[in-house]
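As structure tokens, the structure follows; a few thoughts come after it.
Chain lettering (A, B, C, D, E and F) follows the sequence in which the chains are written, and residue indices restart at 1 in each chain.
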Amino acid sequence: MSTVYSPFVNELKEKMEFEGAFLVKVIQLHMDKNGRPYLNLILMDRTGEIEARAWDGASKLAEEVKTQDILKVAGKINVYQGRRQIVVEAAAKVPAGAVQLDRFVPSTVYDVNRLHADMVALFSTLEDPFAKELALLTLNDPEAKPRILRAPAAKTVHHAYAGGLLEHSLSVCRVLDSLAGHYRRYYGKAVSRDLLLIGGLFHDIGKIYELAFERGTEYTMEGQLIGHHVLGCELVDRISARIPNFPEELKLHVKHMILAHHGKLEYGSPKLPHSLEALLVHMVDDLDSKVNTILGFVGADTQSGPWTATNRLFERPFLKPKVKPEFLGKSPGVEG
Amino acid sequence: MSTVYSPFVNELKEKMEFEGAFLVKVIQLHMDKNGRPYLNLILMDRTGEIEARAWDGASKLAEEVKTQDILKVAGKINVYQGRRQIVVEAAAKVPAGAVQLDRFVPSTVYDVNRLHADMVALFSTLEDPFAKELALLTLNDPEAKPRILRAPAAKTVHHAYAGGLLEHSLSVCRVLDSLAGHYRRYYGKAVSRDLLLIGGLFHDIGKIYELAFERGTEYTMEGQLIGHHVLGCELVDRISARIPNFPEELKLHVKHMILAHHGKLEYGSPKLPHSLEALLVHMVDDLDSKVNTILGFVGADTQSGPWTATNRLFERPFLKPKVKPEFLGKSPGVEG
Amino acid sequence: MSTVYSPFVNELKEKMEFEGAFLVKVIQLHMDKNGRPYLNLILMDRTGEIEARAWDGASKLAEEVKTQDILKVAGKINVYQGRRQIVVEAAAKVPAGAVQLDRFVPSTVYDVNRLHADMVALFSTLEDPFAKELALLTLNDPEAKPRILRAPAAKTVHHAYAGGLLEHSLSVCRVLDSLAGHYRRYYGKAVSRDLLLIGGLFHDIGKIYELAFERGTEYTMEGQLIGHHVLGCELVDRISARIPNFPEELKLHVKHMILAHHGKLEYGSPKLPHSLEALLVHMVDDLDSKVNTILGFVGADTQSGPWTATNRLFERPFLKPKVKPEFLGKSPGVEG
Amino acid sequence: MSTVYSPFVNELKEKMEFEGAFLVKVIQLHMDKNGRPYLNLILMDRTGEIEARAWDGASKLAEEVKTQDILKVAGKINVYQGRRQIVVEAAAKVPAGAVQLDRFVPSTVYDVNRLHADMVALFSTLEDPFAKELALLTLNDPEAKPRILRAPAAKTVHHAYAGGLLEHSLSVCRVLDSLAGHYRRYYGKAVSRDLLLIGGLFHDIGKIYELAFERGTEYTMEGQLIGHHVLGCELVDRISARIPNFPEELKLHVKHMILAHHGKLEYGSPKLPHSLEALLVHMVDDLDSKVNTILGFVGADTQSGPWTATNRLFERPFLKPKVKPEFLGKSPGVEG
Amino acid sequence: MSTVYSPFVNELKEKMEFEGAFLVKVIQLHMDKNGRPYLNLILMDRTGEIEARAWDGASKLAEEVKTQDILKVAGKINVYQGRRQIVVEAAAKVPAGAVQLDRFVPSTVYDVNRLHADMVALFSTLEDPFAKELALLTLNDPEAKPRILRAPAAKTVHHAYAGGLLEHSLSVCRVLDSLAGHYRRYYGKAVSRDLLLIGGLFHDIGKIYELAFERGTEYTMEGQLIGHHVLGCELVDRISARIPNFPEELKLHVKHMILAHHGKLEYGSPKLPHSLEALLVHMVDDLDSKVNTILGFVGADTQSGPWTATNRLFERPFLKPKVKPEFLGKSPGVEG
Amino acid sequence: MSTVYSPFVNELKEKMEFEGAFLVKVIQLHMDKNGRPYLNLILMDRTGEIEARAWDGASKLAEEVKTQDILKVAGKINVYQGRRQIVVEAAAKVPAGAVQLDRFVPSTVYDVNRLHADMVALFSTLEDPFAKELALLTLNDPEAKPRILRAPAAKTVHHAYAGGLLEHSLSVCRVLDSLAGHYRRYYGKAVSRDLLLIGGLFHDIGKIYELAFERGTEYTMEGQLIGHHVLGCELVDRISARIPNFPEELKLHVKHMILAHHGKLEYGSPKLPHSLEALLVHMVDDLDSKVNTILGFVGADTQSGPWTATNRLFERPFLKPKVKPEFLGKSPGVEG
């Protein structure tokens, strides 16, 4: 069983025969009508998920293979009631370390190190030295940085892929930066660019502890019991404690922007936004996640005609744009 | 009774004696305990409102003076339970035409002709020739233009002053323009700058017919019965009918963005936003009005300490910014 | 393949062998376990829908037959888990024009020309000449009349069949007429019969443009983006423009009744009812659609015992009446 | 102190001097700045309420006069901040029995005995002998009948005057009768006229025990703790127990229509309507009370221009009808 | 076909062969692809439900066996897509009376006669003689007692098993007794122990008539149309009528506590709690049913790891306790 | 000016002349019609608040006296429109330290040291050594203890007096202890007494930092921006950090119970209760505050008849208990 070309899940078509490697999301052993054991599997890579059934060696595989293992598979594609399914002809577990996990988990189209560098550059321009140091210490914290580079922004819905948190946070910061410039021309320095940017960086940062995201995304124990609002505040407490004379009022305001960023109590914020900056961080977070959700949905829609299927989150179909959304993946901060 | 200096309402202080002219908002004749007739008035100019009482010549004034007349007043200021009141010593009606109405109605700090010119310049950059012509014909329509220059954006709440609609619409368009640039770097031309800008211009344009705003702001009959969503659509129908071969689909999309710009049915939109552009127009409209409302409220707050009084619309107090909001009044599109 | 008797969908019973013609609602080509292609279909006529599977000639049929075509079928009925299914033995497309579409789309039990004549007679009794002319011009408008004769009142739920809009509107008008008589005896001419009837005729008229209803009912582009409230107002604008000196206030009131007829903002009305007549039009529209929905549901229920199954719209079962609902189909305006 | 003409509350104008008799709604003794005792009163008759102040003999009156007594008053009318007030010059309590209470409590414009006779005539036409007997026994029950003749339909809002319950119930029954005729022409005998009429008669009947209405309307102890839904069911149990072989199912359905007549749980109905008749009784009850509320409000409105003031219940102003509502007071069942 | 050991539903494992007896919950005759008739069944006993399929003698069984019959079955267990299914090899109906129904309906782990005796003992301690007699007469009423011993507390959700109503009511009474003691130490005799206990006993008692529970639980006609709130009040009326001089006010308060025990109108209470006791009865009812629901759900959960599956009623997963819930079944009133 | 007897606010009656000392809640200088300056004050002590007016020396007092100062006053009581008012004859500021603040702020009827000792005794019985140490370290923490002894449980509504937090928390713990005993007899050790008690102690503890309560109760900056949920978690982090090997999971569960104790997101909890203990802590917190609120309200009600006035929080009147609520003030843990 040798692989010349290993297709991705989104490339598998009806009747295609192929060999490939996938992450095991679900594995169950059943008995068919004739008493033969077979495996029901859900396999995934970064392009999607697919069901699979295996008869040969099912019992042995069931003992060897567990959820989150990598499985090498030879098979062909059947379509049943519009759903594709792999009929497995041969399968074997791939030893840990023998593969790059990147292939199996969806991730941002951007280079996360470039996103991180852009973020550091942006926060180097803050005026308030304490706000600047809080941001840079956090971005470069040896414990936090690897998580910041890899965390998704959510389990599902928006930016739900590796690096999605950083992609989303940078986009939010850039929109806030632009709003700061815009409204300072109207209302003067009552609009604080420093607070807006700090709010953009920290609003979702608790998600690096709320979610476990090595192979698929799950809530951690502290994520489920405490949540990313409070986990973000705890991070601010920890990092700011390292900065001598860090102003109490700045710390409270940053924590307030984190706690208030869902905008309403019923969306999980224990505090309503009590400052213009807290409100804008909430609104831009909301706007950026909706843009990403809608364009991802519209881009993936396969329905013919001018309308997409009904989006379950928005409870409506969308009118398709004339030009299909792309995910450009060049650093969006740079023109051209 | 000659006026050396005529103070504005917001300049009237306890015990001050003065002469000045004001717009009559309310006028009522009463009898005091001793059977003497007196007038209860609410007077206003563009800086605010104040109560007034007049005994001398009350009956005669009651016959001559009506709501929305201009009244010249000599008097002094009393404060009762924290509320200022004019004790009128002499008063006389000012003939129509003898005064500039601008003094009596609050208005934008910007030069509305400059705002209009900025708007025209912005829409001259559209790519789609039909969208561009629809915008420019509307902005320069001889019937609509005077109303566009003068309409407030609302009866109360946000940009509730002469020229407020134009100030608000231009600000919304600029933010949308900036978002178009931002998200096109992420997702390509699926995000339509032309549609976003057209949506920004037309979303509230029905307000030029929904509101009557010569001397104070009231709903018109069509405003109350039909509302600015539908009145805006009718304007689009009228203007686009003058443009040969105007594409039906573009007209539907513009009308859709108008109808959907309140974002939810329960806020008066008969349609939910069904395109990314309709959603963004709604979100930026919401954001821009909230920024204006909050900074106006924070700027006017007189409470001591770090918190404002409770804002009734937002049902919360706001943390005051370190720098008090100004209303700069230079064209915000120009740096410096 | 010759048809002696062609049964309707609601006449197909387990094991029955038959020949018949149906409208194709869904058609999909699949491959079975043995690699044989087969068709999954949903077929319909005016009495209901049924699934079908075809093996013989599946690939060829898949190329020739499309959604909304008419298909002649020979087959027999299987029941699987309580659901009937046609096992197709032979099938052929019927040429366009060779069949009466009436057989395939559910429609009102009434003669629509009779309903139309009744409507015209009713509106000939209006007192206000402008209101009367608006109604009669609309009912007889060469572009609108064919649509008025054929439109359903909704895609699903109430009066969701050809002619349903006219049946519903006439019933609403008659109830409003009766209420006008009743309440004028209590409160005098403050209750306007003319306005009530005009409201009854026009409240849903935008549906003739909101829905496409030739073969099944779908939303049109303007239906989805603009909706029948605003489309109805546009019709009133168009027709009233043909009537010299049509009073502005009457036009506003008619458009207001259309916009307000869903009664609440969250049900899609951009305006609350601001007159007694607008409120009554809303309430009677609601009442008439509920009566039709419930009696249709109760009449179709097959559950044994005194209760129907749970109705999904009303979220409750209904107590069955002692007498089963009939759909009489004689002109309900005439006794006997 | 002799009265030539005794004006009603709604006839009292500024500066008018008069003598008259009123029901005491509120009476409180206070001390003024100079230590003189005075009385604050609210006085009423069937046309409205008015404040009053009395200095002479205040202490003595305070001892003699209680809430719900009748007070003879000589005085004149002052207006303060737009509110009329009686300045009492002399006052004396009127002995119980010396006056007709009708003068002091608002009541229906109809002859309640005529309304009752119309109701009896209507229910004599029922087909089902048990339903007919239940209705007629109730209408003529020696304990219930005097309460039925006098009860208001509510403490405030709709038909809130003596005889209002009977006026409202008869109007509801007539509308239901008309709907029964209408929909039986469409759907046959599945629509039960008997049930609709019985529902119309009994839906609010518990109010004869929920409210105490001799001199003003208050909740009784059982009204407050149990409510008119359950009190109505108890009445049905009591009366039906006197009818041999009364069918259990009919009794359950009548009680169900009573319990469900507010239409939704959150409006105080412990059951949703589970039959067409229960739903129609709810809808017509709602419709009839709204018509009465709106026309009463519009008729009493004093604001100039085409709009009424904002109605607090409906949270909106109403467009005034061209003809002002009258309360005709002839038996509405009879033409001419 | 003889049974050595008859397993319960919750003991049936994949591939197991067995004989046993079950209650028939659903029975349907179908035809397979080859035209062979077979039965689809849902069988149950007090430990759960399971699907079954039978081919041999299917037609004959379909004629003989009905819902709620007891069926003796020989078969084996298949697992398909994680769901167990009985493949029936032989089956025969068991004559009525030949079996103890207890085996087939889930029931409380307590001895219901012991629960009843505890209840009687508790109410013998009431101070108010009328309250005490009302309770004891009800508990020992020959018509009500057998229903009280057997009724479940609900069709699904909490204490949904035979005797569940009595188990729940006693637990509620005990918690209320403990709260009475607690708060009387704080606030004195303003907290009435008698009322609290009476409220605990009667709040749900209408369920003995709302539900039919011989073989499975269904709503009765009066349950569906009237509901247990009103049915409970009717019981109080009937029993209290037997007690001479029963105080009207006590009767109203007991009925009020019954009507108000769901706490909010939208949960089906036609009255809000208007006394401390009515509120506490509601809150403890709510608390006791939630404890039972959650511990039953947690105890039955089979998911690995620290979290249960998502509970549909609470819309969340629960953190599992360190010790798994038991259902002890000894009389909880007795220590040790 | 010497004081023989100094009455409390709730002892001041119409026309009474007195001398006494009060806390200044509001102080404002105004000018009367004749140009004389006078002071408007709101004065308070622990029994209530009262308005006051002072003419003599008003300007001088206005300079010397500030909010939260203690003022010695000689005056007499006037009643105007049912409201008492002090007419001040002489007044002087009392030097800080010259008075016991206890007289001026309402406080619990219990000895707070006794409440604290009871709390310590209760938590000494915990089984889990870490939970026990966390509780005892917190109760005896030198920084926290003085705040725990003095904090109210809320700014208004329930237990809104000094020591109210401790009184409330102890009562909640006792009810939870009793529920633990009760339900462990039903369901075994799945119900954790240790967790319930820890939840009862810590659920509101963040209020010692959320509120400032030296002279009246106000929100602190961290209270307003962060809130007592998160402030409580931070306290748990600080104290548990002092305990070696404190289990992470226990810490998470305690913080979870704090965050979830408002029960719903819309009530300010960022997490729903995800364990039985978290839910019970929420429910008992709710129950105990409602009992205190209602009995305080009923005890203070002055309306005649069986009903209280309408309670604004509960939006209803309450039926008065036969025995008026007392606030006993002996340690409620001890019988007799």
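Note that in this section a contact is a pair of C-beta atoms (placed from the backbone, for glycine too) under 8 Å apart; a residue touches a chain by one contact, two chains touch by 3 or more.
Worth saying up front: this structure is predicted, and the values here are computed from it rather than measured.
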Query = Chain by chain, through touching neighbours only, how many steps does the shortest route from chain C to chain F take?
reply = 2
Inquiry  = Centre to centre, using CA atoms, which chain is the farthest one from chain C?
reply    = F
Query = Looking at where chain B touches chain F, is over half of the residue numbers used by both copies, so same, or under half, so different?
reply = different
Task = Return the distance between the CA-based centres of chain B and chain D, expressed in whole Å.
result = 45
Centroid distance [mean C-alpha coordinates] between chain E and chain B, Å = 63
Key: Gap in Å, rounded to a whole number, between the CA centres of chain B and chain A   = 42
Request  = Note the residues in chain C that touch 2 or more other chains, in rising order.
outcome  = 221, 224-225, 253, 274, 317, 319
Request  = Kindly provide every pair of chains that touch.
outcome  = A-B, A-C, A-E, A-F, B-C, B-D, B-F, C-D, C-E, D-E, D-F, E-F
Note = The residues of chain A that touch chain F in their complex are 221-222, 224-227, 229-230, 233-234, 237, 249, 252-253, 255-256, 259, 265-271, 274
Ask   = Which positions of chain F touch chain D when the two form their complex?
value = 14-15, 78-82, 306-307, 317, 319
Request  = Enumerate the contact residues on chain F facing chain E in the complex.
outcome  = 171, 174-175, 178-179, 182-183, 185-192, 253, 272, 274-276, 279-280, 283, 286-287, 290-291, 294-295, 298-299, 314, 316-319, 321-328, 330, 332-333, 335
Inquiry  = Using the touch definition from the top, list the residues of chain E that touch chain C in their complex.
reply    = 28, 30-31, 33, 40, 221, 224-225
